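Labels run A, B and C following the written order; every chain starts at residue 1.
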Amino acid sequence: MTATATGPHHLQLTREGQLRHFLTLDGLGRELLTDILDTADSFIEVGERTIKKVPLLRGRTVVNLFFESSTRTRSTFELAAKRLSADVLNLDISTSATSKGESLADTLYNLEAMASDMFVVRHAQSGAPHFIAESVTPKVAIINAGDGRHAHPTQAMLDMLTIRQHKKTFAGLKVAIVGDVLHSRVARSQIRALNELGVAEVRVIAPGTLLPRDVEALGCTVEYDMLRGMKDLDVIIMLRLQKERMEGALLPSEGEFYRLYGLDRVKLALAKPDCIVMHPGPINRGVEIESAVADGPQSVILNQVTNGIAIRMAVMSMAMGGQLAERQQALNDMAKQEVRS
Amino acid sequence: MTATATGPHHLQLTREGQLRHFLTLDGLGRELLTDILDTADSFIEVGERTIKKVPLLRGRTVVNLFFESSTRTRSTFELAAKRLSADVLNLDISTSATSKGESLADTLYNLEAMASDMFVVRHAQSGAPHFIAESVTPKVAIINAGDGRHAHPTQAMLDMLTIRQHKKTFAGLKVAIVGDVLHSRVARSQIRALNELGVAEVRVIAPGTLLPRDVEALGCTVEYDMLRGMKDLDVIIMLRLQKERMEGALLPSEGEFYRLYGLDRVKLALAKPDCIVMHPGPINRGVEIESAVADGPQSVILNQVTNGIAIRMAVMSMAMGGQLAERQQALNDMAKQEVRS
Amino acid sequence: MTATATGPHHLQLTREGQLRHFLTLDGLGRELLTDILDTADSFIEVGERTIKKVPLLRGRTVVNLFFESSTRTRSTFELAAKRLSADVLNLDISTSATSKGESLADTLYNLEAMASDMFVVRHAQSGAPHFIAESVTPKVAIINAGDGRHAHPTQAMLDMLTIRQHKKTFAGLKVAIVGDVLHSRVARSQIRALNELGVAEVRVIAPGTLLPRDVEALGCTVEYDMLRGMKDLDVIIMLRLQKERMEGALLPSEGEFYRLYGLDRVKLALAKPDCIVMHPGPINRGVEIESAVADGPQSVILNQVTNGIAIRMAVMSMAMGGQLAERQQALNDMAKQEVRS
C-alpha cells in the first residue's frame, strides 16, 4: 500500500506489497529487504544438506535471457532455479533469436506464450528489465541480472547477506566501497541497500575520475585517499577494475592504481581488526587486491558466492509467489465484476 | 503383416496403427490427426496450471538433434520434453560430433546405444528424418522438426489445433495460405492436414513464381490476386517471407511484394469479419504483415506458439507410447517363436 | 593417518578404502575394480527399464568442466548424471570463465562455493584432475574424463565391463591392444586394468614409432607384426588413429597403415573364432578398421557405448558415497576433538 516512483503500487510490487519482479532496490523498504535476507538464510541450509532441492518452483519454467554473455552469473541463476526444482531454458539472445530479424518484443511475447513463468534478464542497456516488466511481459516475473550501469540488485543483496552473517546487525557499521564506482552497476545497488538497512556510514574511496558527479547524493561520504579512508572500517567492498578502462585517460597505469587503491595487507591493517573484505569476483589478483588478502582470514569472498545462490533462490521464489498472488487477484476481480454486471 | 512406406501399415505407425515416429502427415488419417489434436488439448490445461509437469516421459531420454540450427524450434521441443518429465540432451550436430570424421549413421548408433528413446531431428535435407527412422535407428522414436522443403508436421498440427480452437469444426471452412508456398515446408504439411480434416476449400494465394508446379495436385485452388482471394475466408495463414529469396529474380522488391501480398487492414477487411489471422513466426512486420494486423483482435499468432508446446507434447508422448508397444510386441513375438520351436 | 599419493591410503580413496575421486586406475586393487564393474552391471538394468532413473545423486550438483571440448564424452557423463537424478551444469571452460583473467583455481573455488558436489574434468594437460583433487578442491569429488596422454579411466573400465560381459572371467584371456599406443591415454589405463584383473596376456601390436619407450614395463608383451600378433586372441582392442599424427614422420601413409595395422576380416580370421572386437570410437572406417568388421558379429563396439553410461553412473555414485562418508568422518573427528579439549 506504500508509495513508489509513479503509482500507488510500484511496478515490482503487488498491491499487497509482495515482490513480483526484482528490478532494482529503489522503492523496496527495509522490511522487504530484510525479508529477502531472511528467506535467503533459510536457503543456505538447503545448500548444505544432502538433497539440495526444494519444490517451490517445481513445474515452473525459468528462462535465462542473456543479451550480454556471462557464464558466471548465468550459472548461479541456473543452479538456483534447479535447486528450486524449476525447468530452466538458457537463451543466449545475442547470438540467436533476434538474428532472424524478429523484434525483441516479439521474442519475449513468444517466450511468454510458451508458458514461461520467469525471465532472468541480463542486458547491456540500463533499464531494459524495467522496460520488459512494464511494457512487454508484465505477467512474467522479471529478475534483473545486471543492466548496463544501472543496477545489479541480486549482487548487492548477496553482499548484504554476507555482511549480516558476519556482523549480525547493520546498525553502527562503517562500510567502504573502493574503486571504479563510476562504471559499477553493483556500487549503486550497494549504496542503496546499505542506507536502507541502516548502516552508520557508506564511504566511497576512489580517484575523482572514477566517481559519478554528485556521488554524495546517492547517500555516501567520499574519500580520495585510501590510507585515510581505511580508518574505523567494519566492511571493505572492493570493486572489480575493468581493465579496459585503463586504456582511456581515466587511470594512469595498473601499477599506479594498485599502489593507490589496491587492497594489500598494509592498507588493510589500518581498518578495524575484524574488518571483513568483500569482492564481487572474478578477482584480479595484484590489480585491485593482494592475493594474501583475497585468501586471508578477513576475506569472505567465497561466502559471497555461496550466498549468491541463496539470494537468487530467495528472490526467484518470492517474485514467483507475488506473480501468482497477482494472477489470483486478477481472477477474483474479474469474478466480482461479473457478479456486479 | 508386411510393412512398406506406401502400404497399409506405414513406417511411422505400429501394426495396430499407433504413432511410433512422427515424420510427415502423409498417410495419417483423420482419426489419428484428431487424436493428436485431442491429446494436445488435454496438455493445454497442463500449460495453464501451477505445476506444468506430467510424468509421461519420466526417465526417458530425448535428444534434440539439430543439423540445422534453430533456437526457437529447439526451445519449444525442449520445453515440451521437460514438461513431460524427460531428460533432454541438446546436440548441435552441425558443429560437433561429425567433425571428428565419424559418419552420421555412427553418431546415431552411438546415441541409440546410450539408451536414447527419442530423436527430435531438424535437417536441411528433405527426407533425413524418414531415412533415420527407416534405415538407421527404427527403435528410437523419430520426430521431424523440419526437413528441407519437405515437411514441418508439428507446425502444421499446431496450426490445425489453433483453427479448431477458434472455429470448433473444420467442416465448411475456407482457408487461405498466402506467400512463398514454393519454398515452404510448412505449406505442404498444412495443405495435407486441412484436406484430411475436411475443410471446404484450401486456397493458395501467391505470385506464380512462388508456387510449385502442379500445386493444385496437392489439394488446393490457386489465386494470384490477393484482393480477390480474400473473399469469404474464415482463416488466413501467412507464410514467412525468406528475405534471401528477394535477392534472386523471384520477386520484384520488398515494397512491391508487401503491396501485392502483404496482409494489411484493407485486405483483411475483405475476408469474413471473424476471419482469424495466423503466422508461423518469426514475423517480419511490414514485410508480409502489417503490425496492426499482427497485434490486432483477429490475430491468433501467440495462440499458435502456446499450442506449439501442447502439440509437441502430444506427438512426443504418443510416439513414445507406440514405440513401447512395438517393443513389447516384438518381445511377445519372440516368446511365441520360442514356444513353437 | 596422513594421505599421500604413494602411501597406503591413496588420494582417491577414503581411509576406509572407498572411492572418493576417480583419477586413475593406479593404486586401485582388483577388489575395488570388481566392485565398480558389479555396480555398473546393476545400472545396465536401469538403462533397459522404462524409467531410467535412480535417485542416488538427487539434489547433487555435477559440473562438467571441459577444458578440452568433447561432445561425445560430455554427453555420456551428462546422461549418466541425469539418470542418477543429479542437477547438471555444463561449462565449456576453454571459452568462458577464465577469459575474464580469473585463475583456474579461482574458477574452481567459485564453483565449489556454489555447493557443487562433483567435477567431471577433461583437460589437455596430464595430471590436471589429480592436481585439482589434491591441491584445489579436495572436498569436491573429481572424476577424470581424460587428461592429456595420462589416463582415461572410465573408458578403460567400460572396456573391462564389456570384456567381462562377453568372456565371463578375465582369467586366461589373451588381449591385444592395436595401434597408436604412444599417444593413447586409453591404452595406459587399459593395460593397468587388464593386469590388475588377471588376464593371461596383454599384447600391444604397433609399429615401433607408435610405442612408448619401455612399453613392456607397463605390463605387456610387444608384437610388431599384426599377422603374427592375432594368434590365440580372445579380445582385440583397436585404438583410434589420430589422423593428425599422419602428417608428422611417425607413419608412412594412411593406406600403408591400414594394410599393416588395420583390422580387416582377413586378419581377424587369425584370432580365436569367438574373439571380440572393441574400439573406443569414434571409428574411422577404412582407416583403422574395416566396416564389415566394425558392424560384424564379433564387434561389441556399441555394447561399449551402452556400458559407458553404466560405468560412469557407477563411478559417480561410488565417489559421491566416499566423499559423503569422508565429510561425515571429518565431522565426527571434530566432535571427538572438542570432547577431549
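Quick notes on this one:
Basically, a residue touches a chain if its C-beta (ideal position, glycine included) is under 8 Å from a C-beta of that chain, and two chains touch if they have at least 3 such contacts.
Just so you know, these numbers come straight off a predicted model, no measurement behind them.
Each step here moves to a touching chain, and the least such steps from chain A to chain C number 1.
In a homomeric contact, the two copies may use the same or different surfaces; for chain B and chain C, under half of the interface residue numbers are shared, pointing to different surfaces. The copies chain A and chain B differ by a rotation of 120 degrees on their C-alpha atoms, rounded to the nearest 5.
In whole angstrom, the spacing between the mean C-alpha positions of chain B and chain C is 42.
Annotation for chain C: no residues touch two or more other chains. Here chain B touches chain C in the complex through residues 58-61, 87, 89, 91, 96-97, 100-103, 106-107, 109-115, 324, going by the rule given at the top.
On the chain A side of its complex with chain C, the touching residues are 47-53, 71-72, 75-76, 78-79, 82-83, 243, 281-285, 302-303, 305-306, 308-309.
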